[in-house]
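In what follows, structures are represented as structure tokens.
Both of the next two complexes hold chain A, though its partner changes from chain B to chain C.
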Partner chain A sequence: MERLSFTYPARQAVARRVHVGVVGSGDLEVLLEPSNDAQAHVAVTTSVDGFGTVWQHVLDRFFTRFDAAAAIEINDFGATPGMVLLRLEQAAEALRA
Partner chain B sequence: MSTPPERARFLARDSFIELTARERAVRVLDAGSFRELAGPFDRLTSPWLPLQDIVTQADDGVVIARGTLEGHAAVVASIEGAYQGGSIGEVSGAKLAGALELALRDAGRGRPVRPVLLLETGGVRLQEANLGLAAIAEVHAAIVALRRHVPVVAVVAGAVGCFGGMSLAAALASHLIVTRQARLGMNGPEVIEQEAGLAELDALDRARIWSLMGGEQRYATGFADALVEDDAAAIGAAVRSAFASAAGGAPRSERVASLSARLAAIDAAHPPEPAALRALWARETGA
Partner chain C sequence: MPPEPGAHTLLRIAGADSLHWAGAPPAWALSALACAPWVVVRRARGDGVGIAVGVRGAARAERLAAWLHPDQVLECLTPADLAARRGWSRSTRRAQVPALAALDAVDALLRAHGLAWGPCGSVGFELASGTAAAGPTSDLDITVPAPQPLARAVAAALLASLARLAVRVDVQLEVPQGAVALAEYAHARGSVALRTVEGVRLVSDPWAAHAGAAA
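Up next, the complex of A and B:
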């Protein structure tokens, strides 16, 4: 198990909380809520060690299209990068809905 | 191209098994009435799993929701089978027991709340050992106390099934609803194979496993009260009709004489095959 944290610049405020996903095999859960500063913070807990660079790339890509000041908690149980992006997009979509 | 009616019916189903624990609770309750208690943002997670390098889930794998069933106050406890096999730890067990104990308190005050358990669990979470077992015992005690006031309705839909100490919770319920995909048993197939050997049970033999502990067999031998399709609307309807009909009769677990007679009819040295057991232990109609 490894814990990673990332910070990104943000422009929009987040109005509510969103929860998607399950900590099942090859899956993850995402908890998204307003952050207490003007930045986005991502706290990842993953069952698979040694993939910090991959997480960085996946989150860099997500934050090219997402600019909300969210505190995002990710609990990951071995999801592939594609799965992680899908869950993040799902959370972003739920936030807009 | 015409579609055979069976296939059309299959495709028209709205699978309950494919839903997450939270979606299941939403779908069972009256539309729009779901209100979660102790939800993921309360972050009641297992304190024991991180010490063993295991990632936690923010709700510890149990969703507790208040809402209504046909307008009557209800509480649903739904276990997430995809998280750690739906296993019951200290926190998830406390959520289950707490929900039932609060329903008991309300029933004692003349405000009955209809309790529904959506069970998808391998039983105790081995990483939390005695704490999980203690919580499961509290769940059992709460079901027995609560069912004197209001029927306790349990659903085992699949695909995990319901095993270990939580299979006793299913057995204690006033009314148990299963699907063909459900499995119900004290020990799961892999545990049986590991402990008693391949000659006893091949845990990869799915047809054999379902013939022994599958929902259809459990229903045919009187261990479940309703056998329904894997369909969210069908399961919701079965839950509602359970509360309408489950008033009379002693709970299954109190029918000690008839259960003892069933055991006495079995020669343990030559146990019957599943089909023979259905004849021997046919459903007691009207019981």
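Up next, the complex of A and C:
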């Protein structure tokens, strides 16, 4: 079990809460809600230790296209980077819907 | 054996020399294979010569991709084979591992729903290899073939029944194009994640032939 946190600059305000994903092997859940400052905060709890650099790369990639001031909580159960990016994009999509 | 064994199929090999790797394998992978010479078929394309497989070590971070020529397979066990063999009834570890103790109840429940099933993950590996892989806090990962569309109401009823068991059961529905999580499909209002050999993508209907592009 490892906890990681990341902060990114943000411009857009977030109006509501979003919850996507699954608690299950190779998957993750993403809980997104308005942050209380003008930044995006990501708190990752992962069952697999030692992949901080991979998380950094995946989140950097996501935040090149996402600029909402959101507090994002991620509970990871050994998802691949592809699954993590898909769940983040699904959360962003749900926010726009 | 079939030319393309499905994801989660367990393959027995002679040892580490039967595999090819992207780089030099770490020491944990060699000792894991010396202890239990079994690999798991990954949901990924083969490399043209070999089947895409994974080596599992003791720690959760110890998972390594490898490839295996079909000629090197000594024994092949699908999750359905493991369910049919009911090896858990002979396991002396049921008192320590709730995921093993729950298999009789899971078997009865899936049969009552008219569904086939099989264990995968750490429990599947333990049943195939005969070496301890699951632990006291292990979830039970199972796969359920769903070649035809499963009604959402049936999926939700199955999910609710499984939730009453003493262990967390994580179900992947095996659809023609890949797999979706029962927990997501049962309550999905929008799209669900479909795991395929090309990667994961969002689809609105897991049984539709070609929906969306790979992520």
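Here is the rule we use: the second predicted complex is superposed on the first by the 97 of 97 C-alpha atoms of A that agree within 3 Å, B and C clash if a C-alpha of one lies under 4 Å from a C-alpha of the other, contacts with A are read in each partner's own complex, and residues count from 1 in each chain.
Simple rule for what comes next: contacts are C-beta pairs under 8 Å (C-beta built on N, C-alpha and C of every residue); 3 or more make two chains touch, one makes a residue touch a chain.
Owing to the predicted nature of the structure, the values given are computational and were not obtained by experimental measurement.
S.K.: Chain B versus chain C on the shared chain A, clash or fit?
M.R.: clash
S.K.: Just to be sure I read the superposition right, which of the two partners does A:23 touch: chain B = first, chain C = second, or both, or neither?
M.R.: Both: A:23 reaches chain B and chain C.
S.K.: If you stack the two complexes on chain A, which partner ends up touching A:47: first (chain B), second (chain C), both, or neither?
M.R.: In the superposed model, A:47 contacts both chain B and chain C.
S.K.: Which partner, chain B or chain C, touches the larger number of chain A residues?
M.R.: Larger number of chain A residues touched: C.
S.K.: Who does A:83 touch here: chain B (first), chain C (second), both, or neither?
M.R.: Only chain C is touched by A:83; chain B is not.
S.K.: With both structures aligned on chain A, tell me which stretch of chain B collides with chain C: 39-47, 93-101, 129-137 or 183-191.
M.R.: The listed stretch with clashing C-alpha atoms is 183-191.
S.K.: Which residues of chain A are in contact with chain B in one complex and with chain C in the other?
M.R.: Looking at chain A, the two contact sets intersect at 22-25, 27, 47.
S.K.: Quick check on the complex: what are the chain A residues that touch chain C?
M.R.: Residues 21-27, 47-51, 78, 80, 82-83, 85-87, 89-90, 94, 97 of chain A touch chain C in their complex.
S.K.: Can you check the complex and tell me which residues of chain A touch chain B?
M.R.: Checking each residue of chain A against chain B gives 1, 17, 19, 22-25, 27, 29, 31, 33, 45-47, 73, 75-77.
S.K.: What residues of chain C sit close enough to touch chain A in their complex?
M.R.: 59-61, 63, 121, 139, 141, 170, 181, 183-184, 190-191, 193, 195, 199-202, 215
S.K.: Chain A touches which residues of chain B in the complex?
M.R.: My answer: residues 20-21, 39-41, 50, 53-58, 80, 82-84.
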